[in-house]
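The block underneath contains the structure these notes are about, expressed in structure tokens.
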């Protein structure tokens, strides 16, 4: 259970409703997930978060990252931070954007490998090689 | 400074030397970075770590992730875990595998966004939507 | 479910009961939350934790932090550590000590901002300015 | 050393220079710290981060948090995330905004207490009390 | 709920079944816990993870750590990372390997102490003594 | 560099000096490491931290953990939290208390394994088995 009530569509302020309208338009779906319903208590924070998310996770720059890669990076951060909600929502998003079973398996393997070597490097306090600082 | 001495080539045991030989062959470079020199005290751990890394980060499965995407996931985990060495070494690796300036900028933006929403979701303890569990 | 049974009042040892009596007296409430019921298996740890908490979170020193500010710091640490129980209990405590809706919204915004810039700074490995070390 | 060069004033693009001008104007100081010099490679990310930071950490809403309290929350998150740069820069900022020695000592005590109980609660997997969910 | 279905024995591929057979043989128990059922979708990752776990957590080297000590280290890492599943499963394993009530209480106290001093040291950015680097 | 000056013996208040005297007596050594010199600004926090540490890490209870095992748990938590100072100081302490090279190698392997499986379990959001909750 959240530390704030999740707002239904009927409980939204006009400012929050305008953000929900944009979420629905951009995503071409009537579904608005709980993250936004929790943020809806604070229309300014809701709006700032959505505007930034839309910009960062969207189509992107020329020569930048494709939307699926962005989702994988998002999942990776969320796993290391232990954010259960974020893992569920962005794993769903990654699948919707084309993550295959083979890709999911490799994602797991890379996350596991990174966690493991992060632990080893930190435990041994390995100094950064000059070559990486050039 | 590390909690173990970093072994020079001359100080390697035969088992560790065999692993270093493979690292050099696979990477087509004489350079062996400090992580392996720290692990070299424990040839069994050195070998197990290298064999697994080679398998996980390598060419991969059909339909799986490309090598650059794997590096980005690695960086993302390492940032959330605060592993300075890992960030330096895998950022260098990502650039060597083709990460552009535009791609680096987007990587930063996605990591920042994920960190931010991880914090918001966790602070508000947002429950996972049924839709994500289907 | 906890990894230890939560003790009821009837199951307390005399040493644990004495701590519970003090919790009730200090808080002017009969309610003793699960954290203490889990710790009650180990009366020495229960007592040491409660005595320290009472001292740290209490009225405080002249010129120090007010009780509400302490709760906000507590929540911030708990969010970054992903401690669900701690977030719930200290958000409730902060509200009981006067956290307003506007204050809660700003707390969310600051936590989100700190998480985001922590990620950016760590990802880019920004060196500390001399000016901050003076 | 950073994973990106830190830009001097002379190396700034016009977009980045405009952000630096605003940082200097808002802070009434010529000093621009390394975080912004690292971000300056990506003027869009620089601008988005600065605009948001200015809004979040600034004067704030009626009934919201005062600027010093915001700095303490920022420090708390940064400590739990282990962001060395962020701890240095926001501890300096907190002192500039009036944090006393007594306040600093209490901040340490609360952070230490929160870390400790986060560990205990998580280790014992204490379930959230119904009372906190009401 | 997991982000992947947990496979029943009937749903296993031949490669996954062979790993399950080995888990049951090594543990002398028919019970195979959910972690392996989640990994079973990816027989290569399942096999690599099990083979490594068996080697690391098993009888060990001459002069190395005893199996109970390994479980305590595992729990400690899992608590700091906030991995609920891992805490539950390895606390159960530690008890099965002889962890006493007195030992559990001391484990809690040490974890709490380490978390607390980690926070204090990081908050004050204490530099490493020369004596520890010798 | 620390966010507070590290006090020399000459700069100690009488209360802080008394704690330093006890540290020297208990450890049978004149060396007082930087952690205590940073805490010495706040004699009350210094005293509370030292008294608790002495109790927790000391000889312990009948049937409890031996001093070396406590150090390994301490290191494990510190690695997962990325506390460089703590890793250095407690690795030195563990070696002084008898940690062998074989033991150190196994400690690394277990930490690496725990980090890896923490990542996998969290990424797949594996639900806790009923058997672990009994």
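General observations
A, B, C, D, E and F label the chains in the order they appear, each numbered from 1.
What we mean here is this: a contact is a pair of C-beta atoms (placed from the backbone, for glycine too) under 8 Å apart; a residue touches a chain by one contact, two chains touch by 3 or more.
Because the structure is predicted, anything quoted here is derived from the model rather than measured.
The set of chains touching subunit A and also touching subunit F is given as B, C, D, E.
Equivalent interface to A-F within the set D-E, A-D or B-F: D-E (over half of contact pairs identical by residue number). Separating the CA-averaged centres of subunit E and subunit F is a span of 20 Å. The centroid of the Cα atoms in subunit D and the matching centroid in subunit F are 27 Å apart. Touching of two or more other chains is recorded for residues 1, 3-4, 45, 48-49, 52, 77, 79-84, 87-88, 91, 101, 105, 107-109, 111-120, 122-125, 128, 133 of subunit D. The touching residues of subunit F, counted against subunit D in their complex, run 3-4, 41-42, 44-45, 48-49, 77, 81-83. Looking at the complex, you find that subunit C touches subunit D at residues 1-4, 6, 31, 33-35, 38-39, 45, 49, 52-53, 56-57, 60-65, 69-70, 72-74, 76-81, 83-86, 88-89, 91-92, 100-103, 105-107, 109-118, 120-129, 131-133. On subunit F, the positions that touch subunit B within their shared complex are 82, 87-88, 91, 101, 104-105, 108-109, 112, 119. Those residues of subunit A that touch subunit F in the complex are listed here as 75, 79-80, 82, 84, 87-88, 107-108, 111-120, 122-125. Within the complex formed with subunit B, the residues of subunit E that make contact are 1, 48, 52, 55, 128, 133.
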